[in-house]
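One chain, chain A, appears in both complexes that follow, with chain B as partner in the first and chain C in the second.
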Partner chain A sequence: MSQSTQQTDADEPGPIDLSESATREWIAGATFSLPYILIAGTFLFGPLLLALYMSLHDWNALNPAQSQFIGIENYQILLSDPDFWNALWNTIYFVVLTVPPIIIGSLLLALGVNRDVKGKWLLRTIFFSPYVLTVAVVGLLWTEIFSASGLVPYYVGGGNWLTSYDLSMPAIAVATIWWQLAFNFIILLAARQNVPDRLYEAAKLDGASTWRMMRDVTIPQMRNPLVFVVIVTFVNSFQVFGQPFIMTDGGPSFSTTTIVLYLYDTAFTGRQFGYAAAVGYVLFMILIAISATNYYFLAGDDQ
Partner chain B sequence: MSIESRTLENVSSNRLRTIALYAGLYGTAALFLVPYWYMFATSFMTRDLVYSEVPHLIPWDLTLYWYEYLLTSSLIVQWTVNTVLLAGITTVVVILIDAMIAYSLTRLDWPGRRAIFAVIVASFMVPGIINLVPVYIIVSELGLVNSIWGVVLPSAANPLGVFMLVQFFKDIPEELEEAARLDGFSRLRIFTHIVLPLMRSALAALGLFIFIWTWNAFVWPLLILQSETMYTLPIGLVTLQDNMGVTEPGVIMTSAVIASVPLLLVFLLMQKHLVRAVEMQGTTK
Partner chain C sequence: MSETNNAASVTFDDVRKVYLDDFVAVDGFGAHIDDGEFITVVGPSGSGKSTLLRMIAGLEEITEGDIEIGDESIKGVEPQDCGIAMVFQNYALYPHMTVRKNMSYGLKLTTDLSAEEIQRRVRETAEMMGIEDQLDDKPANLSGGQQQRVATGRAIVRDPKIFLMDEPLSNLDAKLKVHMRTELQRLQEELGTTTIYVTHDQHEALTMSDRIIVLEEGELQQFAPPSEVYNEPANRFVADFIGSPAMNFFDVELNGTTLVGNGFEYDVPSSIVDAIPADAGLELGIRPEDITYDATGDNTISAVVEVVEVAGSDNFIHLDIEGLECRVRVAGGVKPSVGEQVNIAFDPDDVHLFDASGENLLAERSDRATPVETEEAA
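Our next item is the complex of A and B:
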């Protein structure tokens, strides 16, 4: 591309020589990129560095200049902080409750809708629709469903799930699964539609069973989108905030306080900005580790 | 076993399978619809039905009381206006700056563009929540707390948008641009008069996605928009529940209807574009 552009410019008659047009190209390129670079620098990369800096200080929220450098003390405190560990375990519990159902559920629904069923459009619309809801609507709606006089206690039992120590997290998980299935469903449906039909025809001629076709054709062919979906679902579930914030506010007795909720509370209720920044960085490291592990095990072996 | 009976068996097992497939899909679909139904039905129920001991799914005693109540005694209309404004402004800003950098990264030849693209792709992996504290501090230093720009700017540089648009810019035939250059068009003019119009459908998909995303945004508006008149719908809804002390299911469900119906309608009308925007993300890997 670059060559042909330069060639055109070079062929041009007149005083514009190659170096001048290259300079102009440079200026144009930088100018077009500038707004994004400025904004990303101020609100994305800058803060990433600032967070690291803050996490190494006993941050003074009212007078940042008086913040004291304390090295890795915030991180040391964090590792022996039972509230942090509680939040981490709650988050892991939430991840375990939500990730497998979201992935398996969306895969099954995508494979099902891809079959020759009547009302495909209707089914796709229904399964995809929660995607356009805000977490506020999802949280409030399911709060009513799980409340003492709501649908679930009436038809399933368990009383008010959200005030129960054991049932509050599962309730949040159910709401999340209903809400988050949609994104994966659409991606996996598209992925399944991209698998060439001839592969199935060939497998059929070989007398392969449905199960074998699934294992030997469908899953390997959908591998990249599946890896993508697994990583995204893990990362999203680890960052859960709105649902417990709205439905339980972390309760009862901190049974639904997740890491991000804990971060939010320490920062904006406790005003411990340095400590909260450290929590953020630890979460960041956890997410990188999880994504790398997922990638290694799911996509790593023969690619 | 004769061949005939075996085929018969096959047919009946096929039929069973089909029945199971339909039951599974439509059963799940019905379960998916229950929360919607509950939300709509409750919003039209009279106080007696809403407060009865057992939940009701059929609003056999209809009223518009909750809607009247919300429209007259809460700021929900104001919140809706705020939400539309915020989502609209953010969409325009994101599309503009993402399209500009995507254009310069794919169609202009200048040193450093590869490195910049690599950094943008990497920043894709940074979860926004990590930056909650430092961005809040920067926004407050800039005096943007309680301002709509305090919400717009932090989400204006969207790596996902750049990534999607770069894929599309690559497909525009170069001849078009070259012809325009020979005709003496400036880069800005080529961008606004040739490239952007060609990208209409990709921009529509991205725009719809950003619009819905911003409409639904929660954490950021919650932190930045602190006065009641500035709230967006998601924030207003949640404070509505807190402010009343006791939960008023009628008010809550009705406000949920008001907050979600506009997007559900947009979704029904423009589902194709939204599906496309989501699919583009799945194919980025």
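Our next item is the complex of A and C:
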């Protein structure tokens, strides 16, 4: 018996069949990938393709077979639709109001809690607790706080913020920041705790001030989680729906109608599913572009 | 390269370090290290050797006492202003910076040298360390040995008054360790910079240093040149800790001029007898390499071979003397059978005697041989 046959099945002596082992490997690989392919295919790529298909049709929701192909007409309408542009600008305004405070705030909280402060675990719990609430609870809670008889008008003034054209979006932003800060805080705290102390000791001996340590050690060492947090926060803020839906229903005077809220209204109130799909696709493209830009500028040369 | 290496002596004045949980890491430590000396600090884990180093570096506060560099106390002085550079055990290189940036970072922050001058010094040091081709690589792309060189280069480029090294070779494989050991010695001789080197490896301590500090539970046990630490250990702890295989110890009593142990007797000359105070509880210490195997004549001790460890150039034989274990180092060719009856002997000059408190009663004698190179036997 040759050496190679010792590794094969005792019933089938002979050299190893390479093509057979490759096939077996392929089957194993496919089996392991199958759950992901099925789930992603059903809930991600399927809807993605269907939405593209819908956006190119005058979609008839009751009888899809009677939908008419209209090419890029939905997209052409969209570009000259003032309501779409209003929703887009509202969304960008919301992103500007929420993304910087959420990222900077969660980073500062994480760095603060990482220090040797007493009652660290209590602070961690307090800062994280809003995240476990659902958007409905958060929306109702902050609706109360911003209502005419709520805490904010009482202390800050401004009457009912949610019925004010200028204050309604900042009010939604405050609620969102309070709610979303926690998730980023936990990720960034874990990231900060992964930075080895020895790097700070080396930096101290190199003469680095606290600020230099933050700039030259902490931030570069937390870069990957920071990139993740920035991208996820951008995506979440662009996709905001629940908070304006519950707190203002897009008002007053459409001042808090965001893109997803506009998409929802167009589809389920206006019954224009094809047009809504086009709105969704434009949002999808915007998010891809922003995520790619963030990744390109933040992820650095070793990504 | 060095114009600042003046008065780089280090004086420890009754230094004590107590951590927040009341753990005393260093206690009553006093010593003076001369300018340009290579000092190793050895001791078992938890003996306070790293704490001592970290106090000099300014990474740990001094609870009591003082440490002076030259004539100036380091208390309240920022580490970078003390003229100190440190090589860490795990190198502590900045992973996101290239080798060049790692090496220039400290210079950039602490000196007003021009960018060109900094680059020139980095390049010179990199050439000295043989890492000039790696200057644009990140630490993760370097081998362990190269990372070690970068860490050492980062310290050298600062042109410090004092090098602190915290087990810098412990992450390297055995062969590279021996190579880097020689290289560090060469560098230290070339630069003449005062170096304090912490290690748990007694071979490094014996081969590299001008003097050795032996620590145990935060207290100084002995501070002496390697040959003295080896031949005249101040106490039983040092005798046991330095040397591999470790020294043999036997409880004995003095009866006239004879040391009587459990199952053996050994006659000692009057010079030794005179050094022994009356009623002292005694322990006899003899190094495995100082024992003559298969001896003849008077004053021999009978033993039975229990285990033979073959270690290449040398063999280690474990003997049984009436229930007591005794290790003997013999030449590689000597391979007795287990159970064989042999006689062993040793020269009275090689004998160490410790009293009940562990103090070496014969330490002041100066008729010792040079230390045996206990190469990688452990």
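The rule is simple: the second predicted complex is superposed on the first by the 259 of 303 C-alpha atoms of A that agree within 3 Å, B and C clash if a C-alpha of one lies under 4 Å from a C-alpha of the other, contacts with A are read in each partner's own complex, and residues count from 1 in each chain.
Just so it is clear, a contact is a pair of C-beta atoms (placed from the backbone, for glycine too) under 8 Å apart; a residue touches a chain by one contact, two chains touch by 3 or more.
Quick caveat, the model's predicted, so the values are computed rather than measured.
Counted by residues of chain A touched, the larger count belongs to B, out of chain B and chain C. When the two structures are aligned on the shared chain, A:Val260 is found in touch with chain B, with no touch to chain C. In the superposed pair of complexes, A:Ala202 makes contact with chain C only, with no contact to chain B. Of the two partner chains placed by the overlay, only chain B lies in contact with A:Ser149; chain C stays clear of it. Of the two partner chains placed by superposition, only chain B is touched by A:Phe273; chain C is not. By the touch criterion defined above, A:Phe43 reaches chain B but does not reach chain C.
Interface residues of chain B facing chain A in the complex, by the touch rule stated above, are 21-22, 24-26, 28-29, 32-36, 38-39, 42, 51-55, 57, 96-98, 100-101, 103-105, 107-111, 113, 116, 120, 123, 125-127, 129-138, 153-154, 156-157, 159, 162, 174, 178, 181-182, 187, 191, 212, 215-219, 223, 233-235, 237-238, 241, 247, 249, 252-253, 255-256, 259-260, 263-264, 266-268, 271, 274-275, 278-279, 281-285.
Chain A contributes residues 1-2, 4-6, 8, 12, 22, 25-26, 28-33, 35-37, 39-40, 42-48, 50-51, 54, 64, 108-109, 112-113, 115, 117, 119, 122-123, 125-137, 139-145, 147, 149-151, 154, 178, 183, 186-188, 190-191, 224-225, 227-229, 235, 239, 241-242, 246, 260, 263-264, 267-268, 273, 276-277, 280-281, 283-284, 287-288, 291 to its touches with chain B in the complex. The part of chain A that touches chain C in the complex is made up of residues 196, 198-199, 201-208, 212, 216-217, 220-221, 223, 300, 302. Across the complex, chain A is touched by residues 57-59, 78-80, 84-86, 88, 90, 92-97, 105-106, 109-110, 138 of chain C.
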